[in-house]
Amino acid sequence: MGQPGRTVCFGEVLLRLAAPDRELLFQSARLEARFAGAEANMAVALAKLGRAAALVTVVPDDAVGDAVVASVRMHGVDVSGVSRGEGRLGLYYLTPGAGLRAPSIIYDRADSLFARARPEDFDWPALLVGASWLHLSGVIPALGPDAVKLGLAAIEAARAAGVRISFDGNFRPSLWAEWCDDPGAILSEYVEQADLLFGSHRDVALLLGRPFDGDEPDGRREAALAAFGRFPRLTHIASTTRQALSAGHHRLSARVDEREAWHETAALDITDIVDRIGTGDAFAAGVLAGLDDGPEAAASLGLAVAALKHATPGDFSQATQRDIAAFRSGGLDVRR
Amino acid sequence: MGQPGRTVCFGEVLLRLAAPDRELLFQSARLEARFAGAEANMAVALAKLGRAAALVTVVPDDAVGDAVVASVRMHGVDVSGVSRGEGRLGLYYLTPGAGLRAPSIIYDRADSLFARARPEDFDWPALLVGASWLHLSGVIPALGPDAVKLGLAAIEAARAAGVRISFDGNFRPSLWAEWCDDPGAILSEYVEQADLLFGSHRDVALLLGRPFDGDEPDGRREAALAAFGRFPRLTHIASTTRQALSAGHHRLSARVDEREAWHETAALDITDIVDRIGTGDAFAAGVLAGLDDGPEAAASLGLAVAALKHATPGDFSQATQRDIAAFRSGGLDVRR
Amino acid sequence: MGQPGRTVCFGEVLLRLAAPDRELLFQSARLEARFAGAEANMAVALAKLGRAAALVTVVPDDAVGDAVVASVRMHGVDVSGVSRGEGRLGLYYLTPGAGLRAPSIIYDRADSLFARARPEDFDWPALLVGASWLHLSGVIPALGPDAVKLGLAAIEAARAAGVRISFDGNFRPSLWAEWCDDPGAILSEYVEQADLLFGSHRDVALLLGRPFDGDEPDGRREAALAAFGRFPRLTHIASTTRQALSAGHHRLSARVDEREAWHETAALDITDIVDRIGTGDAFAAGVLAGLDDGPEAAASLGLAVAALKHATPGDFSQATQRDIAAFRSGGLDVRR
Amino acid sequence: MGQPGRTVCFGEVLLRLAAPDRELLFQSARLEARFAGAEANMAVALAKLGRAAALVTVVPDDAVGDAVVASVRMHGVDVSGVSRGEGRLGLYYLTPGAGLRAPSIIYDRADSLFARARPEDFDWPALLVGASWLHLSGVIPALGPDAVKLGLAAIEAARAAGVRISFDGNFRPSLWAEWCDDPGAILSEYVEQADLLFGSHRDVALLLGRPFDGDEPDGRREAALAAFGRFPRLTHIASTTRQALSAGHHRLSARVDEREAWHETAALDITDIVDRIGTGDAFAAGVLAGLDDGPEAAASLGLAVAALKHATPGDFSQATQRDIAAFRSGGLDVRR
Amino acid sequence: MGQPGRTVCFGEVLLRLAAPDRELLFQSARLEARFAGAEANMAVALAKLGRAAALVTVVPDDAVGDAVVASVRMHGVDVSGVSRGEGRLGLYYLTPGAGLRAPSIIYDRADSLFARARPEDFDWPALLVGASWLHLSGVIPALGPDAVKLGLAAIEAARAAGVRISFDGNFRPSLWAEWCDDPGAILSEYVEQADLLFGSHRDVALLLGRPFDGDEPDGRREAALAAFGRFPRLTHIASTTRQALSAGHHRLSARVDEREAWHETAALDITDIVDRIGTGDAFAAGVLAGLDDGPEAAASLGLAVAALKHATPGDFSQATQRDIAAFRSGGLDVRR
Amino acid sequence: MGQPGRTVCFGEVLLRLAAPDRELLFQSARLEARFAGAEANMAVALAKLGRAAALVTVVPDDAVGDAVVASVRMHGVDVSGVSRGEGRLGLYYLTPGAGLRAPSIIYDRADSLFARARPEDFDWPALLVGASWLHLSGVIPALGPDAVKLGLAAIEAARAAGVRISFDGNFRPSLWAEWCDDPGAILSEYVEQADLLFGSHRDVALLLGRPFDGDEPDGRREAALAAFGRFPRLTHIASTTRQALSAGHHRLSARVDEREAWHETAALDITDIVDRIGTGDAFAAGVLAGLDDGPEAAASLGLAVAALKHATPGDFSQATQRDIAAFRSGGLDVRR
């Protein structure tokens, strides 16, 4: 069947300014500055797994934008689709959690270059050459009415080019709350075009406007089947179930639903958490990379990439196939 | 009833020199240098919670003393009562604990400016204007016979001015051991004047000279009642029960006893502990801030402030009402 | 004549994100995060010198805004005039210079809370109680037409209250270039109301629309006299002459012009420069603090505060009267 | 019986380059650089416990070798037996584990000065003066055929001088795999000369060529007895049983077998692990220091030193008798 | 004439372990770890200037090698020619200079993967597709007789493919001293094939076996003409003259000789030096990028890139065309 | 004549708490913590130069004292004469200078263990076995009347044992000012017993009670001759002349006077100063190590050690004979 084509990831890159060590925000004059964003995270995670990945976005034409490009390119992501413009890079302030203190994010992303981009700024036919997948997330439409169109234009171009569409719900209520009463309706426009949806029973509930009981696997299957019913193009739905026992100890399981089959992994206890931001995107990358091997393989790879991301500083997954193999070989002895 | 008056906190400020990261003391040439002290901790914690708080102390008239003032003032504490003199600031070396290694403190506080201060160095009638509470701790009399008088002078002035007295036992055997055979007798002089006592059944045992079984809530109530019997002015006793499972995992509950009622919270599992020093003072601040709302509210707020302090580097609590609300809203999901 | 009243500083506070050590921007994942802004710098510098100073601004009502308030309050600045709102804090990225590489700043300050503030957001009569001076800078009108009005409203209120006005030209061509062809005209509206102007012969040239030769003291006097002619209310003009031999070695002299007299200091060689950002504001604070002692005293104090600021990380001057006395006592021996 | 003689530790010192904080290797431009090596670890651990210890090795005659010497000498180890030569110091890259990610080591130790040393480079009769014990580990023969002879020469000299021999199996499959099909045969030559063996039932299995079931204490006793049978000179075997629940949480018990008696401690839960590398050497030092007090004392001291090492950055144990006493006094309260 | 083809840089990448801040080597447990190597430096510097550049080398097939690839790829260098193998990466320890203490390097590069590579490991016809230049340096033959052949094979392939050859003498006496009495003879084999030589009058003296007086420009011209005489293929020779006044203050000028013309720049005073390692490679990149614009442009660009490199941590130049323009615009004022 | 005996250095060790990087004191929560003290500096500097050196002092019997011992022992100093007691270690706060800001020290050394020691606490006959020199400084008598006796007891013991005495004036006016009107009289008691005096014409003026003009070498010779006249036992006087052009740029020359001959070096420009504290002790160590080779050799070695100390963080010289040879070989090129 040959090497799969590349995955084109379309979305906004943000600067993530985090309190270092285990300080509170601005407790000292030091911040950790890394780049982030759901779709960039996906691109990096795929590239580290050895899959061809490209990022399409727009960043400032200055030293800040240069740094964005370098931070993604270093991991092997194709950055030829990153355009440059005059304007600002959105950012967020992160206070990581500790113990019983939850992680906290303050967004400062309004009026970014990406949020102000227009569909015609991207030459989609050219950008999608050689692509198997277009990946984007629900953060795009959450940015406002113009961004809704921006995302749909990419989707339409992919559809026209025969490129499969991967959509991660990534529901951010605080972004939607600023301008939209019915995010479910808009998100449904996106999901209608998707082949692969990353979303839990809660996302499905938002899309379908009715609740599901996600406490048990059966309820989660019910939600998946309802989504398959509503969105005929959809072939896969992937999701995690996460229980946060403390900021440093989560319990995580992964599942992938197809129309005829599904698989849900056992729950992993993830302790000594180093950085939980971006673990959902790491999961998504693992699923996408494993999708052609069936739901069990996809769920398992997604869970492995996500688990390792919890032990990695920054938004970006760094897990290589070498790391996945080590993780799967089991055991926590020193590897020499 | 209007806005409560301010809380005047009287006590010594120390420089805390801590091994950074998780090193042992002097394992590298780096130390974390922060200011500390039971009463300063109280003042900062109250100010962060939005309560008017003032610190009364004496610090060197040099760049070290300037730094003490700035470190407290930044959090909104009134520092107009901080006097300056010629002499040294006491200090302590802290090796934080890890796993099965307990935290360890080496004091170097003898002959500090505060320890050598005299009652007449403080113009108490002026310092107490507008005050609802005077707060001080058992560290003061532990410093020696002169310091015993220093604390009592403050207490008498408060009594004369109709200002309520909050006293935190803060029993430090190593300090008392240097000069005094019967700390209980001296501490009782303080508690006799107190309206609010921070002290466990062990402190009560020291004061009353007889043991109490504090393993169960009932035994703790018995100790409280005995204390109310011995100290007729006392209206509230607040305490925590702490079980240290490892240096990074404690189990903590809080209780507040009144003469007619009491409340004890369920125990919280506090994991991933960042810094446990000062958590007792954080608890005390929460209790004082919540005292007028009854024992349950006071115990609950005390526990919340203490829990968040465990996740905060340095002696000072940084929890605002915004943080308390987030903590109480439950959940450890990322707050965006 | 009694203690001078306080200086009310009105202006925007920015987050300054600087490459640490001597790295380039984003060369590592670390940034130094400090707060800055011409008027906040002035307020802090005055407070450190022992002068009453207040800051009037607006910052976000979140942990970022809390940090702004704490960073200024710690130095003794009155922050009761800092209001809070929903919105963003402007920021800039700083790559400090080294050797033959000039320092470089990238602004990201559009649409900040301050830039969107309106005159009626500030209760000037109350804010100016007890004030001797209102200080503001040319950065305010540079932010756009609305900000022009914001600054003028403050000036009018000060004029009405009999408060003297100190204005620092702080000409930023890149800000003006976005919206205004004739900044000189707008700045002149400000200077017409000012008692004290911080500005060089180049600023005067901008205001008067004709060039001055500032290479020699006489030419600088000519420019000052021309400004006094054009702006009848003006009583003092203060300026520095700076020659940058390398990023770490500048030569700096200071002058103060009155209508009848002037003084220009000898040039100081300032080497081993730690941080040159904010040195102009440090100079302004020294001049303002020394103004009542005549031009020589004012220029000398301005130069001393500026010189010490070059040896201080961050935008804020930290020089106390103790430091000024040490600086003036001469000698670079170790002070013990 | 007098003060026991010193322990001469013979082996290679390596530079350990570790990713700092909880980063991945080379995620930033910072590495933690410390010196390490099984036998140097033993020497330092013994010296910190107050026992006379000497290190015999060879290091480069440059600033790198100077640093090795200083790093060991600072803890009180006799370094008069450290010789200097032209060549390289071996090293390894360490990525510490976190959560479900195991620690990982990449060796770069080929062709080091030590690996190329010859028996005649060491004047053993002089080096062993005053010694009670010679300690070395299975890392030496793992380095290759020449190193096999190097270790045996030391052993023979010790035997000749009446010095007891302590041998730590320290089995490193990746080193052996490069050149040897039957490490058990070579290791047996070493163990035949040993009085004290550090090795688990798995090491015994390797030596004897048959498996043992080490899941229960009885099976571990069986392995020990088999080893005593095979190696008539052996008087003590010491081992730990370790269960890694996560990278930060291990469960550890210790045992010491004599021919007639044995003791196995209860398992300790070791959480918040700071650095697990070198904990086996720390255990060995505790056992050796406690050996004359019987198996229970030896196992208990070994476990205590090992437990504290888990809470200590770097390969070297830093536990003093003061620390051991504090550990044994129980409790995780702040020690003041 | 169209866009110039890419420059293929062939050489060894080393790990550079440097004492941080201004510490001595191993004075603390921290090292700065960056990748380096004359030819990798060239590739990165060219890519940052916007020129297509590729690196051909071999690095370990593990996390260390991954980091090498990422460190070069992030700057836009084509890494498709980097092969992976089993073995070690060479390294060096750097103690940067300060004041009157010279920088000091200790090499640990023997037996690296690159030093053990063979000509047939590189598919030169494929690697040189689209290339205008092959760049390599005298460090390659210095590694030993096998490496001499390795470099010559690359040169022959380039010659066959019509690719111009750029050769940087980079004379390292300590490497040659280990195995070769007459480095000049071997280096001449390389220079005979070169179109562009980076080398001073001292390098020419080594090649030709007779001294030149390089104190004045005329003497330097004489050396260049002698080299042109001896090496008929050579069209350009580029060199710098450097005077080290202290570790932090150098004086540097640049020259480029053609057969008929030459240009030498005025000397620049480079102060506050951040990192002088790699500045020669930065110069070479600037010359190569400017070569088609004549000797003056080439020398000037080379000097500009070199000057900025002195203000940049690490071996790699980071100067973009934006930075060069800023440098040339003159002035050390803050750029906003 | 054989290997010279060891130098026994007697004096107080202090903790030096310095603002890191180029921050002001307490500008961040980080301090650099190193150990210091004139005589410990001497011992370390001598040991690094390869001379046998011992430290006699008293430090606390806790982790702080352990760290003192380790910090000195690592450099090869004999610490068998360091006794342990109950009490505090003196300390000082250092704000390093920068540019036109002088370095500043705040002492907190009163009531230290050393200051409270008594002559009988030291068994001088045993401590001086094998010694050629006893070295101590004027800091000892400056600590108070008891310390005056402490130093004299050591001197008498040395005199009795035929050990030569080296005395460094190290005049600290702020220490003397607390208790003594005539330090010159007390210091003269010390110098009367000394063979070698480290002191400038200013120290001689203090001792003799009359001024000398030290601007020229001749005046410095006059002061030396006057000292030789007053103190018949004295055979050598060593001193430096230092001119501080900025905090980072000093000009330093060294001289050694004998009764019949003297030598004064040319002045060195010492730029990019990393740490000037302890450079006087480094000079003294160089002189003592070179004393037997005549005044020129002694002055030259003293200047070399001092110059390198300016480029070394911390109080301790780290210069080895290898470093001295490199320094003397001249040139600031990279040493490979």
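Letters A, B, C, D, E and F mark the chains in the order given here, with residues in each chain numbered from 1 onward.
The working rule: a residue touches a chain if its C-beta (ideal position, glycine included) is under 8 Å from a C-beta of that chain, and two chains touch if they have at least 3 such contacts.
Fair warning: this is a prediction, and the values are worked out from it, not measured in the lab.
With contact taken as defined at the outset, chain D and chain F are each touched by A, B, C, E.
Contact with chain A and chain D alike is made by B, C, E, F. Residue numbering shows that chain E and chain F use the same positions for less than half of their mutual interface.
Matching D-F against the pairs in A-E, A-D or B-E identifies A-E as its interface repeat (over half of contact pairs the same by residue number).
When chain centres are set by their Cα atoms, the one at the greatest distance from chain F is A. For this pair, chain C with chain E, the centres built from the Cα atoms lie 45 Å apart. With centres defined as mean CA coordinates, chain D is found 62 Å away from chain C. If you average the CA atoms of chain B and of chain C, the two centres end up 41 Å from each other. For chain E, the set of residues that touch two or more other chains comprises 21, 24, 29, 62-63, 70-71, 104, 314.
Taken as a graph of touching chains, this assembly is fully connected, with contact between every pair of chains.
By the touch criterion stated above, chain A contacts chain D in their complex at residues 21, 268-274, 307-308, 310-314, 318, 323, 326-327, 331-336. Across the complex, chain D is touched by residues 28-29 of chain C. Listed in rising order, the residues of chain B touching chain D in the complex are 21-24, 27, 97-105, 107, 172, 174, 244-249, 276-277. Contact residues of chain D toward chain E in the complex are 17, 20, 24-26, 29-34, 62-64, 67, 70-71, 88-89, 93, 95, 104, 106, 108, 110-111, 314. Every residue of chain F that touches chain D in the complex is listed here, in rising order: 62-63, 66, 70-71, 73-76, 320, 322.
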